[in-house]
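Next come two complexes, and both contain subunit A; in the first it sits with subunit B, in the second with subunit C.
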Partner chain A sequence: MQELSQILLVLIALFSFYALGNSSLIGCIRIIALQGMCLGLLPLIIDRQGFGMQIILIASGMFILKGFLIPRILSYAIREVKIRREMEPLIGYNASLLIGVFLIGISFILASRLPLPENIRTSLLVPVSLSVLMMGMLMMIVRVKAVTQVIGYLMFENGIYLFGLAISYQAPWLIEMGVLLDVFVAVFVMGIVINHIARAFDSINTENLTNLGD
Partner chain B sequence: MIYLFLIGIPALMGLASLLVKSDDWRPWILPLGFSIHLSLVIACWKTLPTPSPLGWFGLDEAGLIVLTLASAMLLVFSIYCLEYLRLRKERPNRLFTASLAFILSAVSLVCVSRHMGLLWVGMEALTLASAPLIYFNHNQRSLEATWKYLMMGSLGIGLALLGTFFLALAMPANSVKTDPLLIDSLILHARFLSLPWLKGAFIFLLVGYGTKMGLSPFHSWKPDAYGEAPGVAGGVLAGVMTSCPFLGILRIFQICSSAGLLEFSQGLLILIGLLSMATAAVFVIGQRDFKRMLAYSSVENMGILVLGVGLGPMGTFFALLHLINNGLTKGALFLSAGNIHRAFGGKTMDHAHGALRRVPISAALFLLGFIAITGSPPFASFVSEFGILRSALDSGHLGAAFGFVLFLAAIFIGMATTVLSVVYGTPKEKSDMAVQGDSPFMVLPPIILMSAVLFLGLWLPHWLTDALKRSANALNGVL
Partner chain C sequence: METLIFAPAILFLLLLMPSLMLGLIAKTKAFVSGRRGPPVFQPLHDILKLLGKGAVYSETSGWAFRLGPVLSLSAVLMAASLVPLFGAPLISFNGDAILFIYLLALGRFVTILAALDTGSSFEGMGASREAAFSSYAEPALILVFASLAIHSGSLSLSQMFSSGQGILPAPSVLLAASGLLIVLLAENSRIPVDDPNTHLELTMIHEVMVLDHSGPDLAFILYGAQLKLMLMGVLWIRLLSPSLASNAFLLTLSLCGLAIFIGAIESSMARLRLIRVPQLLIAAVCLAAFGLILAVR
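Let's turn to the complex of A and B:
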């Protein structure tokens, strides 16, 4: 089981990395869906004492919402958009991949320095969670399409969820469900706004959103 | 049980507003439901309700003060909405009405949470419930404001979640059986908390909830959102919603102060408070758009709040008082600003000039609100701002006191230029707008709010001072 969870973690990190270098909007949505599915499986695989109803509930909730529903909302939001590629990101794909590598390196160094218990420090969970989190933030900042910014946000959120798993803090299931529901509604609202942006500006480039300012 | 009602009644109203078909009758749901909610809240003042069995829900004085302010102000706003939504018939009001109800539900959840995770859930729900308010006008500018609000808000709230996890890590794993995020249990075991993690938690929660409050340098969404939202929505955002993340910061501050990190957290709060005031001073000068000006004034007042908390028990006392004063005044200011905006069809000094001639009561209220918010007597903000200055001097923070006075003066001058130009003078051209003069239902709510500010400035009821004092002492770990 230990190996399987390590493989899943590597996959999760790779998906983030792959999304950073992918210019196709649909491609990015698929990648974030796959990452969401891996995330849903993870709590079932990570060795834990108990294997109660709650874990199954959270895991299936994660799997369905992050693996299917949220990607569905995002592809629905961009169905009227003609340009399906990220055209001019603020930082190019090769450069963002390089920054991604750099972020992964930082995460490993950071994770080894954190005052964590020994068994957590040696596992892959913390460095992977930190790198997914930072790559998500990077994507939120450097991409100009509204959808890719949301995908960055989802990735950032996935990183935080992984961190919660890593410190083996089992939040009461009610709160975990609350967090999941909030994320879902957030993406739902963002999806609606993207749809309106697409209709109002005839594109989903957030570069158009520069009318306000001092 | 009371907690369930406080959260559930507004949530049910929200669902009801989604179901009601008629745009004319729907807004009436709000004042009805909000008055039931307010009477429940007032009942809580008699005796604080007992915490729920697992300790997840409970009301302390700080929570009760925020809840009362929110519930009362939303009731006043809902009366304004009756007339406002009638005037804005071209826009469907289903989402707008439901949002206001869901906001009160989320505010109640934040106020009664004794669990940092639950508090986070409420805070995120609050962000999402308020997005439709900003987007009410459905044009490109409001779309941009909504997008920025959602992105900044989500990033901030994500960092706050990370900070919440750090807090769970700070609790020693083996010694405690209860959930590591229960506020009361964190305070009880404060001596055993791991300090590096607690510091990390404080910083991340301050940044996260600070983004929601609109503290500088995380305030960039604020002028856009407040500028593009309708006046009443600006009032809800500035007067009601900013107090919830402030409550979140107070919670983590209380945990830090009982864990012996008082000076560390106070230092950060003073720093970020002064920075916010300085930012506001820079941007408020020469601001031609009076709604954006109010947004920067809100950045300033959020700065004053955290600065006050950083100055010890007395500063905290006046910061909590200022929370009430700022909320009420901002409500009156945004409502009257909305009236002026409508009368002139624009919200910059180029459009709006000589408001006193066109909408005399709203313009007078706007002027009075400006005088109150900048801390002039006899209004209540004078008492709280003067008190914060005194506690800065008493606690030996001379630099902070100097900066406080300097920025207040700069903001007063900056705001005065805009406000006086909007209020006085003669309107440039005849307006083709349908709005002529003030309509009674749209000036009554700001009059109520301003009278409350005046009343609190002249006389502070003893039950309020008692509650503020108890809360300030508890937050600073003084018994």
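Let's turn to the complex of A and C:
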């Protein structure tokens, strides 16, 4: 079980990686869906004493929401605005892949320095959560299309969820559910916003928003 | 008694298996596309026929052109003696992993030199591509070896590639294996990077460099390339599960399996555009670096 959860964690980090190097929006959405599914599975196989009802509820909520609902909303949004690829990122794909590795290295160093209990510090959860978080942040910064920024935001949130999983196995499930609902509403709103940006500017580059005057 | 089995098995693996693997790859691709394809031993017949022919040397080429095939084949053969095929390798010492990398690099260097020596701009283009792409593939290979060296605590190939225990390999070993697979495909000019079947196309890499070689020289180059594919295949198989390489028969079977797997990869995807190739190789570097980070912690 220990090894399986480690491999799943590495897979989650690799999905972030793949999204960083991929220019196709549909590919990114599929990857973020897969990452969401893995996140849903993770609480079930991470070693703990027995399954509680709450864990199964949270896991299935994550699985359905992040694996199916949110990707569905996003693919609906890009179908409406007819945009397939992120053409001009601020930092190229090769460079962002290399920065991604750098960030992974930093998060492993950071995780070993954090004042955490011994059993958490040695696990793979904290470094992987930090690197997923940082790669999500990187994606929000270097991409100009609204959809990829939303995907970066989702990745960022996945990192926070992983960190929460590491800190407390018994997270109050009401809070978890509240966070999930927030993410869902945020993505829902962003889906609508993307349509509005597209209608106003004929593109979904968020750079256009910075040029707005009074 | 053991040497009685060991010697013929090593000879079979080193002399016949490389050609057989290439034949199996071609057969798999033919099967998937609904053709019958050439016989499995066709690459071996090609080499034997080329060995019986005379070589033609152009007037513009010099000693580097003649040196290339001989030196590259001997470098690969030397590398083959370092690789643990089944059981112990022929030569083994602490640090032979580094020698292995350098031998592969030496083989590539003399091939590039020979290609440049022909004075043909077409071959020069191939040489520059080979040099450019291998400058991505080599760091990936070095990082893979580094993470395995740290994981096993030894710099010898035979130790590095036999440390896997348990049902599931460690995550760092899995990452190293996926990085090594990309390097294997790239170094041996297999499909996502280079298409070995397209002669005289502007996008090919390795085949361009050897266009002017003929006769025994070409046979040396072909055999060297096949042997390199098999060596990296053996390393990859040992990485996934050392027990698959515990005796000659099992190793032969799993090499055949690997050949069919490569054939399946080749028939399921198209060659990448030349601009996208560095991205694939950088991904391999990143996978290997991630594996190294996991191994270090």
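The rule is short, and it goes like this: the second predicted complex is superposed on the first by the 207 of 214 C-alpha atoms of A that agree within 3 Å, B and C clash if a C-alpha of one lies under 4 Å from a C-alpha of the other, contacts with A are read in each partner's own complex, and residues count from 1 in each chain.
In this section, contacts are C-beta pairs under 8 Å (C-beta built on N, C-alpha and C of every residue); 3 or more make two chains touch, one makes a residue touch a chain.
Since this is a predicted model, take the numbers as computed values, not measurements.
Between subunit B and subunit C, positioned on subunit A by superposition, is the outcome a clash or a fit?
On the shared subunit A, the partners fit.
Once chain A of both complexes is superposed, is A:Y153 in touch with subunit B (first), subunit C (second), both, or neither?
first
Could you say whether A:G164 touches subunit B, subunit C, both of them, or neither, answering first, second, both or neither?
first
I'd like to know which partner A:M137 touches here: subunit B for first, subunit C for second, both or neither.
Once the two structures are laid over each other on A, A:M137 reaches subunit B alone.
By residue count, which of the two partners contacts subunit A more extensively, subunit B or subunit C?
Higher number of touched subunit A residues: B.
Please indicate which partner A:E88 is in contact with in the superposed arrangement: first for subunit B, second for subunit C, both, or neither.
neither
Name the contact category of A:M190: first (subunit B only), second (subunit C only), both, or neither.
first
After superposing the two complexes on chain A, what is the shortest C-alpha distance between subunit B and subunit C, in Å?
Superposed on chain A, the two chains' closest C-alpha atoms are separated by 23 Å.
Contact residues on subunit C for subunit A in the complex?
166-168, 170-171, 174-175, 278-279, 282-283, 285-287, 289-290, 293-294, 297
For subunit B, which residues count as touching subunit A in their complex?
The touching residues are 115, 117-118, 120-121, 124-125, 127-128, 131, 135, 138-141, 143-148, 150-151, 154-155, 158, 161-162, 165, 168-169, 173, 179-181, 194, 196-197, 223-224, 227-228, 283, 287, 292.
Applying the document's contact rule, which stretches of subunit A touch subunit B when the two form their complex?
It comes out as residues 115-117, 133, 137, 140, 146, 149, 153, 156-157, 160, 163-164, 167, 169, 171-172, 175, 178-179, 182, 185-186, 189-190, 193, 196-197, 200-201, 206, 208-212, 214.
Given the complex with subunit C, which residues does subunit A contribute to the contact?
For this pair, the touching residues of subunit A are 3-4, 6-7, 9-10, 13-14, 17, 21, 93-94, 97-98, 100-101, 104-105, 108, 112, 124, 127.
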